[in-house]
Structures are given as structure tokens and as C-alpha cells.
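Both complexes below contain chain A, partnered by chain B and then by chain C.
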Partner chain A sequence: MNTNLKISNVTKIYPGCVANDNVSLEFNSGKIYALLGENGAGKSTLVKILSGVIIPDEGEIYLNKNNLKLNSPLDAKKNDIGMVFQHFNLFETLSVFENLIIDSDEQRESLREKIDSIMKKYNFSIDLDIPVLNLSAGQKQKVEIIRCLIRNPKVLIMDEPTSVLTEQETSELFLSLKKFSEEGILIIYITHKLKEVMQLCDEVAVMRRGKLVSVSEIKNENIESLANKMVGQNLKTIKKKKAKTSSDQLIKITNLNFTSEDPFETNLMDINFSVNRGECLGIAGISGNGQSELFQVLSGEIISDKNCIEFNNNYIGDLDPQERREYLMAFSPEDRLEQAAIPQMKIFENVALNNFKSSNFFNNGLINENKIKEHSKKIISDFNVNTDNIELKSQFLSGGNLQKLIIGRELITSPDLLICFNPTWGLDVGAINYIHETLIKINEQNKSIILISTDTDELLKLSDKISVIHKGKLSKIMNAEEVTSEKLGILMGGVN
Partner chain B sequence: MIKIVKRDQPSRAIFFFTPVLAIFLTLVAGGLIFFILGFKPFEALKFFFIVPIADKYGFSELLLKATPLCLIAIGLSFCFKSNNWNIGAEGQLTFGAIVSGGVALLFYEQEGFYILPIVILAGAIGGMLYASIPAILKTYFNTNEILVSLMLVYVSKLILDYLVVGPWSNPEGFNFPETRQFSDSAKLPLLFEGLRIHAGIFLALAAVIVSWFVFYKTYLGFQMKVSGFSLKTAKYAGYKGKKMIILVFLISGACAGLAGVGEITGPIGQLHREISPDYGFTAIIVAFLGRLHPVGIIFASLVVAITYLGAETAQIFMQIPKYTGQVFQGMILFFLLASDYLLFFKIKFIGSKK
Partner chain C sequence: MIIDINFIGLIIASIMASAVPLILASCGELITERSGVLNLGVEGMMIIGAISGFALMTVTGSLIIAIFGAMLAGVLISTIFAFLTQTLITNHVATGLALTIFGIGISAMIGKNFVGIPGKEFPVLFENLKDTIPLIGPILFGHSIVFYFAFTLPFITSYFLKKTKIGLIVRAVGDSPESASNQGINVRLVRYLCILYGGAMSGLAGAYLSMIYTPQWIENMTGGRGWIALALVVFSTWNPIKILIGAMIFGGLTIIQFHMQAIGVRIPVQFLTALPYIVTIIVLVVISRDSRKIRLSTPSSLGKSFHKDN
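This part shows the complex of A and B:
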């Protein structure tokens, strides 16, 4: 049976922002649709409207010509619309089976049979009786998908499903989605990853600032054309020049171990690497494999043995972050809002977080506000932060502008080494480009970078050498040109 | 129809308005309680909040009670601002009083200008010593400072009990649980003849000014602010977390200790079992009611001090227990916490659709 889903003139307005501006779209089963857009383009709002989480201010939704009134997620389920969210909604301590039957009133036995047949059909192998916390991210996602399939959905919406998956898991997911589509389920795939759209989808709808900007067939598009539609400007393609091979070693990590008292943290085991001047070392991996711990050990938030870290011929393993800054290291942590900056504080106050002696931000224990403000103005203009008011609270900066401020704050000391962790996480394409250009510039000035990132494309674009972290261990360090994303995917999955 | 909407950002105006709202709601609820108990609400509230401070004597009593509250709350705000939960100020007050009282007794029947400064200093040191225990346990053994500081309150009260009944009890005191009276040189001077308000108020005012300067003008204040928002950021910035924990506890202990000195060398003049009607605990309410801002704390300490006086007047004129004062203090905190909801949410009235 053919399924037709029609969104007609949907508008949703939030205070100060139009999330969906008169959006009309039509989907037919048998095809996989991509809904593409930057963060904040309005795609999440639209799918939340489709799944009953948000009620639109205006507009109608029709499924096979029936006007749907979706006032709650339950209404969506009843109308055969299934949704798999980016963040899993599973009870970690309950078994897989319990998680699957939790919102169903069918008989346990008949459900079990149904689940078994679904798993057989799509080649899923998951033990139904172990607790969910023992599953990998890919398996958890399959549990979420099965939970939708139990209800024989007509529509399946996937919200950025690959952000937690390895390359292998991603290609498995794509196979399953294609199979679902062949069986007549209408698939709507939300993402901002262009490559995936090209690989998987048949049609693509692009959104920008709440408006639908284009609907087209994939065969008429390519990555550049889609990127331009998303951003609404012609992007410069950034290419990194091959770094001059320098043998001047800047930082060397030897036999570094870290054992955490917290069971939710990852222990680091026998980490060894070195970075030369002008080089960018990329560290790939799926999040939660020790990246955060590695960053903290490198920044000095976690102190290690003095001799484990040699920087510029000094042993600095036992120094705290502020002391390391004096040796010309700089750090940009992953969490912009809870660690790298304090949103409730003003821009210039956030600048004062990177306090190094020659800045004179604080003299004899007193705040030297003029100095900090002068410095902040320089950062704002040098790093293109889109505001001219340094008294503004940082929470009013967009993610991209906040990250520019943070990177600018760290770079204004012209450090020899910048260590950054997911520097473009959650940013829009324009801001990502700016950050990438900045990082390339650093390398060109013969300064070094350690880039810990979960974004493989970013690593391949910026790194000279790449290593993969898996369960607290680093793989051997490879030259970037020998590496492909497939090879990284295998290493990230833990196969050696 | 009423709809609750999340605010885009916490409102600054509401931030200072909610304490006022909390006080208003406390009055309404208090009036209701009086009504249920069979009193005329307005008359009862008048006895509670207006009669006690209607004359010169009453006003001096108000300042007398507000002084320790203000001093302790200022100290506590150093801790609370930087994410350290010292709730044992009552213990630090008691221990400060014990040390300064011991020193004052050493100078029994001696006179000299040098005695009072030594006694005051001893109280501050006593409070600092006592506050250093939860601080050191927290920094080096990862204990929870809330539990440790709270439990140490009872330890210090038992030490005081032992001392005033045992070794330090007044030999001519007919076995009353109290020490000898301190000499005049060990007492804080009274400000006005016939009123009990004493020079301790200047200690509180000095603390207000110094704390304002530290909070808003110094590197230490900046570090406290950062730590208060996010300990992760403080660590990333490279602030010496342990040093700061110990420092804020010492400051807070010193203030509580000084409040203890103010009580025993002021209105009391000796050590006995009940040197503080839980000023150390009530000051926690004062600190939050004053929004951890030095000026706010001045006003908050005056408001809360009235509940002490009102309870006494109400006991005399209306024969209701003076613990009603604590009921009012509890209500203020309760309504303050409840109305903090308005910081993050606003209430919208929407005309119903026909």
C-alpha cells in the first residue's frame, strides 16, 4: 500500500524566532527522504511536530488524505508514525525485552514472537534478556527501531541517527533503512551530514532559518550544491597545504596512564605519542573512549607523573592548567557552555579565564578591568566574533561565535601548542569553516595542534598524523594521507 | 487560562524582587496561621513586626540581633558563592566564643586597653580553627562538608557545656552552668547609655565593606564567582581549588567566631550554655534572602532579626511560644525557594477561547 504524508503550511513561532515558516512538504513511500539543514534551521521542530511532541501554531498534517491532529507522541504512534530520536529513550537497567514491551498492551508471548520474527527478517542479533546498559550504541539504536517496527509503522523518522555510530554500524543501518523502504515504509532521515544524504537518500529537502529552501532529487545534486543550499552562500573549499616535514619535537608523551576512581570514566592505558612543530595530530574515536580523560591529562586538569609529559624540553606532567599556559600551551575543551566558558558571565569576564602572567589581567590580586576589556575587544575583532558589546552575557552568543571567542581567547597568547576537543561540535557550516581555517593558519605559523575529535571528516581534513583512541588505548600513529575513513572506522570499532 | 512559560534568561529584576515577594507571602501565611490559632491576624502581625521596633530600645535590640546575623551571613556568602556548603556556622560561632571566652577569663579582674583586641582576635582564630576541620577533610579526604560542618555544631555545643559546668564554671556561682563575668576591659563598649547595642556592629559593617570589595574587585572574588558557576571551568582555568576551599572556610569561620565574640563580650558578658539562639543556622537564611550580596545581606539581617524580637513580644502579649519566630524564619526560606521558580519561568494569563 502506498503511503502519502503531507505537511501543509506549517508554522511554529517561538519568542524571538520563527522555527518553521509556512513549510509545506509531501512524502511518498518507496523513497528515502533527507531533511537537511544546519543546527537551528528548523528541522528538529518539524519532526517534533510530526511526532506529536510540539503542536504547530498553524498548518495541517495529512496521512493518506486524513487530517491528523497530533497532540501528543501517543497520537503519532496511534497514527503509525514512528520516531527514533538522536538520544536514546531506553531504561538502561531493564532488559531489552522489557524496554520493548513497556509501551505496549499486547500479550507478552505474542510480542516475543513478533520481535523474534522482526529480528530474523532484518538480521538483527540482540539478546533480548540482557540489560540495555550492556549494549553498544548501534545495538541500542536497533532496540529503538524494533520498538517502532512492532507497531507496523507507515512512517519512520530517524533524527541524526549516525552521530553515535561507527562506520560499520552506519552502513548496517543504511542497509536496514533501504530494506524498510522497499517494504513500503516511508523513511524521513534528518541529518546535517551531506555524505550520508548522498549515500542513502532519494530525495532531499533543505531547510534554512525555518524556511524550506529546496526539494530536489539526489541525482541532481552533489555535496557542494547541497552545502551551498544549506548555508546560503558559496563556501570556499579549504585545502590544507602539506606541512613542511619538521623533525623539531614539541611535545612528547611517554608511558602515560590514568586510572579513574569514577566507574563512568575511562582509564587511559600506556599512552605514547609525540608532536612536532607545525604539525596537527588528530585523535579519532567514538565518544566515551577516553577522549575527555586524555584532554584533561594534557591540559593539566588531571595531573600525572612529571616525566610523562615533555613539552619544549621541560617536564610538565605535574603542572596545573594555569602553569602549563605559561609554557605556551592553550586548551579548548569540548563543552563550551559548562567548561570553556560561563554563559551567565559577560564576554570580557570569560576572556579573563585564560589568565597568563604577561596579560596583567590581575595585578596584586586586584581585577584590572580595563586591561581585560582592551584585550577582549582585540579578540572580538581579530576572530570575527559577531558582536561589538563585550559587556554582553556570553549566553547571547551563538555557538559559533562563542567558539570563536574561546579559540580567540586561547590563541591570543600565540601558544606553541593548541589542544582542542571537538572544536566544531554542533556548529553551523560557516562557523566550522572559520574554525578550520584558523586551525590551518596555526599550523602554517609553525605552531602545533592536538585535535581530539569525533568527526572523521574534520580529522582527515586537518590532521598531518592520525591515531585512534579506543577504550583508553591509542592505536599506532599513521600519516594522514595513508588513512581512509573506512580504516578509521575499523580502528574506532576496536578491531586491530 | 494560566500558562507557565520558560523565560529566555533569568530575570535580573525578578532576582531582587523575589526576596520581597517571599517576605510578603510570609506575612500573608503568618496572618493566616494566627487567624487559625484564633488571633486577629492584623493585630498579631502588628505585635510581631511593628511593636517590637516602635521605640528607641526596640530599635537598638533590632540592631543587636541583626549584627551577628549579618556578620555570619557575610562570612557564609564567601562559602556559598564558591560552591562550598558550610552550614556549621553555629559551631564556628560557639568555638570562637569558647576560645575568646577562655582568653577573657585569663584576664579576669585585669584592666588594659590591649585585652579586648586579644579577646576579639582569639575569637576569630577559634572560628577559623573550627572551620578548618570540614575544609581540610573536604580537600584531602573528599568528605562532604555539609555533614561534617553540621555535626561539628553539636560537638562544639557539648564542649561548651562541659566547660561551663566543669573546669570553667564560676567558683562562686552556686553551681550554675556559667563562667565568671568578664572584666570590663574584655567587653565591647556600649554605644549608648541604657541601650544594649555595642561596638560589635562596626565589625559587621567592616565585614560588609570588605566583602563587597573582595567579591567585586579582586582576583579571589573572580575565582569564587567562576567556581560558583562551574567547578569544571574553575579547574580548567587552573584555579587552586583546594587553597580556595580552605580560604573561604577560614573567612567564614572567622566571621562566625567574631559573631560569637560579639555576643559573649557584648550583651552576655560571660560564657554560659545558651550564647546563641541559633544565629549560625538562621544566618543561612539571611545569606540567601540577601542574595549573597553584601547590601542585600544588611537588609535581610534586619528583616530576620525582627522575627526574633517579634517572637518575644508575641510570647509576652499573646502567650504564644517564642518558637513562632522559627516558624516565620522557616516560612521566609520556604517562600524564597518557591518564588525562585519565577526566576526561570513566567506566568502568562491568556484569555480563554470562546
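This part shows the complex of A and C:
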């Protein structure tokens, strides 16, 4: 049976922001639909309305011509709309089976049989009796999908499902989604990743600032056209000019080793490299191969032997991050909300955390609030952070804005070297572009960058030299022009 | 010296009797905490139960009305807590502490007229079987209905949490109220009910003290048992069976240290009085060391307010 889902004139207004502005859309089963938009474009609000989590201010939803009143998630479930949230809705300490039985009316035995047959059909293999916290992100997502499938849904909504998955898991997910679609389930796929839209979907609806911008078939689109629709302006294709060959060495790492006591960390073995002024060294690798340890050693979170790190003719291996900043190094860690900023603190307070010597943020132990605020306003305007309220708690900034703030905070001291770790992780196209432009500008000012990233495209775009980290060891350092993504892929897999 | 075997039985029975209020209050609080609510008002709810039970017994003369009235009083005072923390989203810790202070104060005020009034005798069950089996007889028989209820409660609680759908829902709410809400579970309702249940059990524990254990009203007669009950829940890592063990150790040491003081053992009295607290905590910490199990049984959202936004 065909399923037809129609959203008609849906509006949802929050104080100070129109999340959905008169959105109308129509979906038919047998196709996979992409709902594309930047962070904050209103996609998540729209699907939360479809799943009953948020009640719209205006507008109607029709499933097969029936007007649905979705006042709670329960209503959506009863009407055969299943949703897999971006942040999993699982109970970590309960077993997989308990997670599944909790909203089912079936008996234990019959439910178990049903789950087994679903897992067999789609080739899932998950132990039902272990607690969810022992599962990988990909497995957790499968549990969420099974939870939807138990109810034989007509509509399955996936909210940014690949943000936590590895590439292997992503391709498995795509296979399953195609299979569901063939079986007549209407699939709505929310994402800001353009590649995935092109790979998976049949039709795409683009949203921007709460409004529906366009609906079109994938075969009439390409990555550039979608990116432009999503951002609402013509994106410049960024191209890095080749750096002037400089032989002025800035940082040199010699025989650096790190052995961790934590069995889940990677040991670093015999790390040797150097970076010249005006250069960007990219470090590629599959996540978990020692990148985080390398970042910590370079930033001084992990202290190493004094002579291992030579920066600007000083030996600084035994200095902590604050002391390294005095030598004009700057750091942008991977986890923006856990490591780089304190989510509950205001923007200007987070700015003050980078308390460099010449800042005058503190006088005789007292906080010089005016100075900090002035400084924060400068960062916000120089780095295009989309807010004018420096009293805002930093947890309310979107990922892109927070990253801009962090990079701005680090760069305001005009450091000689910026070390960043996955700086565009989880950001939308517009923000990624901005960060990339900023990084290129740094190189043009004859400053250096060490870019540790899992995104190969980003590395090829920005780096002058590239090395690959695998199981805590660095490959030899290559010139970026001589490297292809295939070659990087091979090295990342550990083949020499 | 010949030790009468029935005397040992009597000591064990008295240890069990002193454990009853701890088991009742802890098992109630355990359900509350498993739903993610930290109610530090146990002591206050217990003492309200104690005075309500005793007052109703004296006024109405009915033990049944008194027992259920005490539970109802516990429910009513915990409703205040539930309304404040769940509807007005106040801080759990501060509200719970206020509840205890409130309970102690109001019970002293109501209790003024009941000081010095003798209590009534509470009927015991299976009294005639007491002497049929040596040692076991005095342990198993001749106790009040509340006593038997208390010793089955940890098992019922354990079964409820592990095997029933509602128990699963309680655990789910305590694990992640956001997920539960997105699954269509009414988090606020579940938490309200768990708080009220905890109130009822604390009320019953209080009534046991003032009507059965020492049948009279003395101001502040709970004497910190509510706090011990709270500690038992945490140190048992939210496991009802371990609560039973902990309550028995605590009750046992309390009784034994009295006897030791009476015999005149040369250990400072202060140390003897502190002994039950120290040993109970040490034992529970030692038997609950498995960090994986702690992670699995600790309600992740404990003490955090949940506010659903639309």
C-alpha cells in the first residue's frame, strides 16, 4: 500500500526565532527523501513535529489523507510514524531487550521472536541481553531502528544518523535504508552532509532559516547546486595558494614517545617531524589511532621530555598549555564543549580562560570585566560569530559559531603556530568554509598550522605536507601535491 | 555459664525488629531514587508518620486507622515535596532538607499533647508457635504484621524492578527522563507516584517506631534513622537485597553495642555508639565494589530536575 505524508503550512515560533515558517511538503512511499539544511535551519524542529515531540503553532499533518493530531510521541507511534533521533533515545543502563519491550504491548516471548526475525532479515547482530552502554554507536542506532520496525511503521524518519557512525557503519545503514524503502516504508533522511544526499536519496527538500527553499529530484542536482541552495549564496570554491617555500623551521619534534597507563589510549611511538613557518602540516588517520594523544602531547596536556619539542629555538616539552601559549602557540581541541570551552559559562568568561600575559584580563587578582568584554566583542565581530550577546552561555552557541569563537580566541594573540584537531567536525558547509578560509589566511600571514583531522578532503585542501598516523606511528611526511586520497586511505589502513 | 538457646533467638529477633524501620524507609526511598528523584526528607517523613500513627491510635483507638493514617500522612507530606520538585522544578536536595526540618518541627508541635501517654499493645502473629522450635521459633514467630511485611519487602521490590513492566518504566525514567519522555512515558507522573510511594513507606516506618517498637511518643524519636535509611540506599548501590543485609548489620551492631555497654566492655562508649554506622558503611562498600554493576544500577538522572519543553 502506498503511503502519502503531507505537511501543510506548519509554523513554529520560539521567542526570538521562527523555527518553521509556513512549511508545506509532500512525501510518497517508495522513495527516500532528504531534508537538507544547515544547523539551525529548522529541519530538526520539523521532524520533531512529525514525531509528536514538538507541537506546532499552526499547520496540519496528513497521513494518507487523514488529519493527524500529534500531541505526544505516543500519537506518532500509534500512527505508524517511527523516528530515530540524532541523540539516541535509549536507556543506557537497561538491557537491549528491556529497551525494546518498554514501549511494546507484546508478550516477552512473541516480542523476542519478532526481534529475532527482524535482525535475521536485515542482517543485524546484537546481543539482546547486554546493557546498551556496552554497544557501539552503530549498534545503538540499530537498536533504535529495530524499535521502530517492531511497530511496522509506514514512515521512518532518520535525524542526522551518520554523525556518530564510522564509514563502514554508514554504508551498512544505507543498505538497510534502501531495503526498507523497497519494502514500502517512506523514508525521510535529515542531514547537512551533501555527499550522503547524492549517494542515498531520490528527492531533496532544502531548508534555510526556517523556510522551505526548494524541492527537487536528485538527478537534477549536484553537490555545488545543493550547497548553494543550503547556504543561500554562491559558495566560493576555496583554493589554497601554494605556500612560499620557507626553510625557516618553527617547531621540531624529536623522538617523542608516550606510553599510556589507560588501556583504551594509544601509545605514541617515535614521533619525528618539523614544521616550517607558513606551512600547514596535515595529520591524517582513522580516529582512535593516537590523534588525541598526539594533540595532548603537542598542547601540553600531557607533558613530555623537555628536549622532545623544540619551538622557536626553545625546548618546551615540559611546559603546560598556558606556558606554551606564552611562546605563541595556540590550540583548538576536538571536543568543543568539553575541552575547548565551558558550556555553562558565558561567552566572555570563556574568552577570559585564555589568559595570556599581555591580556590584562586580571588586575591584582580581580577580574577586569570591561577589558574582557571589549576583547570578546572584537572576537565576535572579527570572526563572524553569529550573536551580539556576549553574556550568552556558550552551550547555546551552534557548533559552527562556537568553533569560530574558539579559533578567534586562540588567534587574537597572533600565535606563530595553531594546532587544531578536527576543527570542522559536525559543522555545516557555511561554517566549514569559513573555518577553512581562516586557516588559509593564517598560512598566508607566514604562521604555521598543525592540522590533525579525520577528514581527508579537508587535509588535501589545506595542507602543504601530509603524514598519516596509524597505531601511534607517523608515516613519512609527504608533499601534499604528490598525495591522493586513495594513497592516504591505504596508509590509514596501515599498509606501507 | 549456660547460654539459653532461646535467648540467642530472642536477641536475633530484636536485631531484626530494630532493622524493620530501616528496611521500610530504604525500600521506599529506593523506588523514589530509582525514578531519578533524590528525596532527603526521609527523616522528616518518618517522624511525621510516627506522630500521626501514635496520635490517631490514641484518638481513634483503631490500630488499622492509625497504621494507614500514618502512611497517608507520609504520602501527604511527600506530595509537598513532589509538587515543589516536579511541578515547580525546585532543587531536590534543598527541598528534601527543608522537608526534614519541617517534619521534625511540626511533629514536635503536634506531639506536645501526646508526651507521656502510654501506647497500645499491637497484636502479634503466630505467638503460640514461638516455643515449638528452639532458636528458630522466637526468630520467626510472634511478630507484628508490619515486621513480616518489612522482611518480604526487599524481595518484592527486587522482583518489581526486575520483572515487571512498571518497574522497568521506573528504571527507564531514572536512567534518562528525556528518552522516556520521547518514548511517550509521562515522566512527571511516574516520578510523582514514586515519591508518594516513598512517603508512604517512610510513614509506615515511623508508625512502626511509635506504635510497635517503642509504643510511645518521644520528641525526635526517629533519632537519625531516616538518614541511615538514605545512606543504606546509596551504599547498597540501589539493590534492595543489600539494603536488607545493611539494615541487619546496622540493627545488629546497635543491639550488640547496648549489650556490650551493659556488660561493661572497656571500650569508650562513643566508639561503641559510632560502631554501627562505621561497620555498615564499610561492609556495604566492600560488597558493592564492582564498578560495572554500580554503573548499571545507579540512576543516571538522580537528583536532576527534568523539565519538558515544547
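Keep this in mind: the second predicted complex is superposed on the first by the 293 of 496 C-alpha atoms of A that agree within 3 Å, B and C clash if a C-alpha of one lies under 4 Å from a C-alpha of the other, contacts with A are read in each partner's own complex, and residues count from 1 in each chain.
Keep in mind that, in the parts below, a residue touches a chain if its C-beta (ideal position, glycine included) is under 8 Å from a C-beta of that chain, and two chains touch if they have at least 3 such contacts.
Predicted model, so just to flag it, every value in this text is computed and none were measured.
Undergrad: Once the structures are superposed on A, label A:F85 by its partner contacts, choosing first (chain B), second (chain C), both or neither.
TA: second
Undergrad: On chain A, which partner's contacts cover more residues, chain B's or chain C's?
TA: Touched residues of chain A are more numerous for B.
Undergrad: Give one of first, second, both or neither to describe whether A:V53 is in contact with chain B, with chain C, with both, or with none.
TA: second
Undergrad: Between chain B (first) and chain C (second), which does A:E301 come into contact with in this model arrangement: first, second, both, or neither?
TA: Only chain B is touched by A:E301; chain C is not.
Undergrad: Thinking of the overlay built on chain A, is A:Q395 touched by chain B (first), by chain C (second), by both, or by neither?
TA: First partner only.
Undergrad: Given the touch rule stated above, what does A:P321 touch, chain B (first), chain C (second), both, or neither?
TA: A:P321 contacts chain B only, not chain C.
Undergrad: Contacts for A:L133 in the overlay, against chain B (first) and chain C (second): which applies, first, second, both or neither?
TA: second
Undergrad: Residues on chain A in contact with chain B in one complex and with chain C in the other?
TA: The overlap between the chain B and chain C interfaces on chain A is empty, containing no residue.
Undergrad: Can you name the residues of chain C that touch chain A in the complex?
TA: Against chain A, the touching part of chain C is residues 165, 168-169, 171-172, 175-176, 178-185, 295-298, 300, 310.
Undergrad: If you look only at chain A, which of its residues touch chain C in the complex?
TA: Chain A reaches chain C through residues 53-55, 72-74, 77, 85, 88-94, 98, 101-103, 131, 133.
Undergrad: Going by the contact rule at the top, pick out the chain A residues touching chain B in the complex.
TA: It is residues 15-16, 299-301, 320-325, 331, 333, 335, 338-342, 344-345, 349, 352-355, 362, 365-367, 393, 395 of chain A that touch chain B.
Undergrad: In the complex formed with chain A, which residues of chain B make contact?
TA: For chain B paired with chain A, touching residues are 8-9, 217-222, 225-226, 229-230, 232-233, 235-240.
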